[in-house]
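Across the two complexes that follow, chain A remains constant while its partner is chain B and subsequently chain C.
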Partner chain A sequence: MLLNLNSLGAWKWILLAITGATSVFLLLPILFIAALSFGSSQWLIFPPPSWTLKWYQDLLADPRWLEAAWTSFRIALMVTVLSVLIGLVASFGLVRGRFVGRVALRALFMTPMILPVVVLAVALYAFFLRLGLNGTTAGFVIAHLVVALPFSILALTGALEGFDKSIEDAAVLCGASPLKAKILITLPSISHGLFSAAIFSFLTSWDEVVLAIFMASPTLQTLPVKIWATLRQDLTPVIAAASTLLIVVTMLLMLIAAAVKKGMKA
Partner chain B sequence: MGWLQDTPSAMIGEAPAKSGRDRRANRRLRKVMAMVSLAETADGRQAPHRRRLLPRGLAPTLPALVLVLVFFVLPVLALLTRSFTEPVLGLQNYIDLLGSSTYLKIFFNTFFVSALVTAISLTIGFPVAWALAIMPKRQANIVFAIILLSMWTNLLARTYAWMVLLQRTGVINKTLMGLGLIDQPLVMVNNLVGVTIGMTYIMLPFIIIPLYGVIRKIDPAILQAAALCGATRIQAFIHVLLPLAAPGMIAGALMVFVMSLGYFVTPSLLGGTANMMLAELIAQFVQSLVNWGMGGAAALVLLVITLSLYAVQLRLFGVAGQEKH
Partner chain C sequence: MTPFLEIRGIRKQYGPVVAVHDVNLTVDHGEFLTFLGPSGSGKSTTLYILAGFERPTRGDILLNGKTILDTPSHQRNIGMVFQRYTLFPHLSVGDNIAFPLKVRGWSKAAITERVRQMLTLVRLEGFEDRKPAAMSGGQQQRVALARALAYDPPVLLMDEPLSALDKKLREEIQHEIRRIHQQTEVTILYVTHDQEEALRLSDRIAVFSHGVIDQIGTGEQLYADPATRFVAEFIGDSDFLPCRVVEQVNGRARIALNDGLIVSDIPLHGNSARKTDGMLMLRPERLSLSTKKTEMALPATVEDITFLGTHVNVATRTADGTAVSVRLPFGHQAISGIPRGTGVWLTFDANAAHVFL
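Up next, the complex of A and B:
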C-alpha cells in the first residue's frame, strides 16, 4: 500500500511535491552560478542586466588561474596513477591473501576516509614542516594519495571479489605466467573497478580543498586553493566562471562514467 | 598419490629438452605438478613445505601499508601526542580547552549545527528516498542525476553559490521582499543560519542515497498485509514502514552527524569568524596561533567523538562491506 505510488492517495502528491522541491533546491544553486558567470553585473545582481563573457576572459587571461588549474590537473593525474597502482596491488593481497588480521588491515586502509580531513591536514602540515615537503608537488601528491587510496581500494577489492579466480588459474594451467595471466585475463575482467578507482581518485584530488589549503605555498597552489583565497576577499563573478568550468568538467566525467558503465553492461 | 609425485618429476629430469617446444612443455608440466601438490596440501597430505618470509598475500599490501602508516597514522599520533607535551607535560591543554566558555561555545555550536543539519536532512531526505523507491524508473533517474550532479559539483562552487544566494542583496532576500513577506533583508550569511542551509545542501545526498537502498529492499507485500489487516495509512506508516526503514535512517543520520562535526570549508565561509566550529578552531590554533598543544587537544576531542560514533554504528549495523563468505 505505502510502497505503491498509485495507492498512496493524497500522500502521493505530498511525496512528489517534496521530491520536486528538493530537486529544485539541489539544482538551483548550480544553475544560478552558471547564469551569473555570464551576467554583466560585478555585484552579482540577478537577473543580470545584460550578458557577457567578460569573466571568462578575465579568468583565462590571468596566468595565476591557469597555473593553478594546471597544478591541480598535474597533481590529480599523479595521484590517480599511484592510487590505482598501489590500490590494485594491495587489493590482490586483501582479497586473495589468507593472513591473520586481513579484516583489520582493510579497516585501517579505510580510516583516512572516515576521519575528519582537517585533523589529517593539520597533522600532515606539522609532519611536512619537518620534512620540508610543504608547498611542494610531492607534499600535495602524498596528502591527496592518503585520502584517495581508500576509494581506489574499495572499488578494486569489490571488483576482484566479483572475479572468479579459477579463470586466472586456467590461464596459468594453459601456460601463461602468473603475471601474464593477471595482466591479460584478470585486469580486463575488472576494468570497471579500475575505471571507477581512477575516476574517484582523480576527483578526490581535483576537488580537494582542506588538505590543499594547508599544503599550498604562495607559489604552488591548486585551483580549489585559488578559489578559496579569492573567496575570502570578495565574491567576484570570476569565481562563478571558474566554478562553472569546474562543473562542466565534473559533468563530462560523469557522462563518460555513465557511458562506460552502459557499454560494459551491453 | 605418491606415484604422481615421483614419476613426472623423474620424467622431466630424464627428458632432455631438445627444442623450445619441449622446454615449454616441461615448464607447463612442472606448473601442473605444482598445482597438484597444492591440491594435496588442501587434502591434508604432506607436501614440500615452502618457506615464506611473509604470510601469503601480505607482501602486496605493503606499499599501501607503508603509505598509511608513515603519512597517516604516524603524523596523526604525533599531533595528538603534542597535546600532552606542549608547552608542558600534562593535561593543561585539555583543562584550558574544556574550561573556557569561548571554547565551550564552539563545541556547542558544532554539536548544535550538526544535530540541526542531521534532523533537517532526515526530515527532507526520508520522503525523497521513499518517493524515489516507488517512482517510475524514468523520473527517478532524473532525480538521481540531479542528486549526483550536486554531490559531484566542487564543494567551493556550491558554497560560493550559497554565499551569493543568501547575502543581504541576494536573490532570496530580494524575492522575499518583493513578495512583501519581509521588510528588512534577513541576515543569512556570517551566522549559523547560513551554515545550516549550506551544510544541509551538502549532506542531503548522503541521507537520500543509503535510505533509498533500504526502502527499496522492503517487500511491498508486508505493507499490503498491513492494509489487509485493516491498518490505515498512518498506522501502516508508523508501525510498519518507519520501523523497517529505521536502520537506514539511523545509519544515514549518524554518518551525516559525524561528517558535519568535522566540516571545515562551509562553516568557515558561511559562518564567519564569530560563529566558529570545531574544525575551524583546530585550523586556527595551528595556522594563526601556532599553538600545537591546543590544536592537538582539539583534534583529539574531535577524533574521540568521531570514532566513538563510528563504533556505535559498527556495533549496530556491523562492518559495511564485510566479506560475504
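Up next, the complex of A and C:
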C-alpha cells in the first residue's frame, strides 16, 4: 500500500481528524433534516422539544404531496428507460464506430455535465414554449434526459470499451446474427454498465430541481419542485419529512447499486 | 474434381496498403493447414476473410465448389477459436458449448448429450457448471475449441489460440489439438507465427510474407527445399554467406565465395539470368567443423561455444566477417578444449545448402 496508516506517526491523527470533519460536514445537514422531520416544533426548532410522527401523517394524508412523489417517480422511470436505451445505441456508435469526428462527438455528448443547469433550463424553457411542451410530462422527461444522458453514455462507453469484441464475434460465428449476439452475449456481459447507467439516470431525474422548476406547472410538479414551492410559502416540518423520504429513496438506490457491484465482482 | 476449399486470388486492400496480395490456395478435406508468418504478413487477414469479418477487395472463396463470400458470418457454419479468450463470461462452460446448438434450435436432450460428448473430447468432464473466470487459460481455450466443434463445422479456423499460454502448457494443448484433429477429421486452418508450433501440428504449412504466400508444403519440404530466403530464415536456423554465381545449370549453381572457394552443384532459387550476386544458405546442423585444414572447406574463427544440453553451438566468423553457427552433438571431439580465436575449417554438403539470388 502506498499509504500505511501505522507508519504515519502524528500524521495519522491529523488525517483521521480531517476525515472525521469532512464526514460530519457532509452528513450533518442530512441528519439535521431527518431529526427535524421527527421534531414536534412547528417552527423547526433545534433541538426538537419532543418527538412526533405527525408530519409524516400530514405528508401521507396530503394528496398533493403523494401526487408530486408519484410524478417524480414516473418521470424518473421514463428518463431511466430512455437514457439507457439512447445511451446504449450512442455508446455502440462511439466505441465501435470508425468515423471522422468520433472523439469530438463524444466530448459534445458530455457538455450537459459542464453547462450550468440554469442556462440549460432557460434555453429549454424558451424552446419548449414554441413547442408547447412546458408543463407536460414529455417536457419534463426530455429536459431530464438531457442531463441524465452524459452519465448513461459515460457508464456504457466505459463498459463497452472493457468488453472484448472478439467475444461477440465468437457468438456470431457460433451462428447468432449480429443483433442476437449483442442481445444474448454483449448486453449480459456489460450488465454492470447498464445498471450504473440506470441508477445514475434515475437519480439525476429524481432529485433534479432547477430544470424541474422551469418545466413545472401548477398541476404537474415533481417532489423537489413541491418542496421548493412549499418552502417559499410557509416553513412547515412536512418539508423536512418529504426531504427525508427523498433522501431515503436515494440512499436505498445507492445501497442496491453498491450491493450489485459487489455481487458482480464476487 | 472440385477441391474441398479453394481460396482463389484473394486480395485485401486498405486504401493504398495491400494486406493480402492475390493469395491462391486449395485445402483438402480433413487437412491441417497452417498459415505461418510474422505479424502483418496477411495470415490473420486471410483467416478473417474466411470467417466473414472482412470482405476481400477481390477474389473468391469456394467451399465444395460454392462461393461463401455472400453468406454472412453467422450463416457460414464455420468454427473459430480466437487468440484471446472468448468464452461468454456470464455463461457456464456447459451453456457456452450449448450456445451454438441453442441458436440452431437443437432439442434439449440432443444439446445435453452433445455438450457431454464435447467435454469428453476436450477432456474436461465435470466442468459443465464452472464459470469461465474460474478456469485457467488453457482450460478456457479447450472449452472454446469444444464450442467451435460442437456443431460439426466443415472448417475450423484457429487464430493463434495458444499465444497467451506459457510454453509448457502450449505444448500440452498442441498435443490435444492434434489428437482432436485426428479424432474428428475436421479441416483446420491454423494461424501462428511460431515455426515450432506449425511444424508440430500441420500436414502442410503456407509461409506468408508481406501478404504473399512464399511457399506451401510439408514441414520437411520447407526445411529441405526452401523456395525463398524468407522461408529458409523462417523454418529452422540458417546463416547466409554472400557469394557470386559463376554458372547456372538446370536449377543448380556453381558459386564462388568471397575467399575464393568455389563450390559446384548447389540448388539455386530465384530466377534472374543476369544477377550474379547471391546468398549461400547454410544450416548450423548440416555443417561439420575441423581444426585441421581440409580441402574444399571454409576457414573461420571460433568466437564462442555454448553448451545447450543435447548439442553444442559453435559461433564462428568467416574471413569476410559473416557469422556462421555450427551445431554439433554434445561431446563432439572436434571442439573438446579448443579456446576462442582458434582457426577452424567448415565443410558442407552441397545438397544441404541453397543459393538464393
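Here is the rule we use: the second predicted complex is superposed on the first by the 261 of 266 C-alpha atoms of A that agree within 3 Å, B and C clash if a C-alpha of one lies under 4 Å from a C-alpha of the other, contacts with A are read in each partner's own complex, and residues count from 1 in each chain.
In this text, a contact is a pair of C-beta atoms (placed from the backbone, for glycine too) under 8 Å apart; a residue touches a chain by one contact, two chains touch by 3 or more.
On a predicted model such as this, the values are computed, not experimentally measured, just so you know.
Peer 1: Figure out whether A:S189 sits in contact with chain B (first) or chain C (second), or with both, or with neither.
Peer 2: In the superposed model, A:S189 contacts chain C only, not chain B.
Peer 1: Under the stated touch criterion, name the partner, chain B or chain C, that contacts more residues in chain A.
Peer 2: Tallying touched residues of chain A, the top partner is B.
Peer 1: For A:L173, decide between first (touching chain B), second (touching chain C), both and neither.
Peer 2: In the superposition, A:L173 touches chain B and chain C alike.
Peer 1: Contact-wise, after the overlay, does A:L154 reach chain B, chain C, both or neither (first, second, both, neither)?
Peer 2: first
Peer 1: Looking at A:S40 after the superposition, I want to know if it touches chain B, chain C, both of them or none. Which is it: first, second, both, neither?
Peer 2: A:S40: touches no partner chain.
Peer 1: Using the touch definition from the top, say if A:D164 reaches chain B (first), chain C (second), both or neither.
Peer 2: Once the two structures are laid over each other on A, A:D164 reaches chain C alone.
Peer 1: Would you check which partner chain A:L120 touches, where first means chain B only, second means chain C only, and both and neither mean what they say?
Peer 2: first
Peer 1: Thinking of the overlay built on chain A, is A:T52 touched by chain B (first), by chain C (second), by both, or by neither?
Peer 2: A:T52 sits against neither chain B nor chain C.
Peer 1: Identify the residues of chain A that lie in both the chain B contact region and the chain C contact region.
Peer 2: Correct list for chain A: 169, 172-173, 175.
Peer 1: Taking the complex as given, what residues does chain A use to touch chain C?
Peer 2: Those residues of chain A that touch chain C are 164, 166-167, 169-178, 180-181, 184-185, 188-189, 191.
Peer 1: Provide the residue numbers of chain B that touch chain A in the complex, in ascending order.
Peer 2: The touching residues are 24, 27-28, 31-32, 35, 54-61, 63-65, 67-68, 71-76, 78-79, 82, 124, 127-128, 130-136, 142-143, 146-150, 152-165, 167, 169-171, 174, 201, 204-205, 215, 218, 220, 223-224, 226-227, 233, 236-237, 240-241, 258, 261-265, 269, 279, 282-283, 286-287, 292, 295, 299, 302-303, 306, 310, 319, 321-323.
Peer 1: What part of chain C is in contact with chain A in the complex they form?
Peer 2: 51, 53, 72-80, 82-90, 99-100, 103-104, 144, 147-148, 151
Peer 1: Would you pull the chain A residues touching chain B in the complex into a rising list?
Peer 2: Per the stated touch rule, the residues are 1-5, 8-9, 11, 14-16, 18-19, 22-23, 25-27, 29-30, 32-33, 36, 43-46, 86-87, 89-90, 92-94, 96-100, 102-103, 105, 107-109, 111-112, 114-127, 142-143, 145-146, 149, 153-154, 158, 161, 169, 172-173, 175, 203, 207, 209-210, 214, 224, 227-228, 231-232, 235, 239-240, 243-244, 246-247, 250-251, 253-254.
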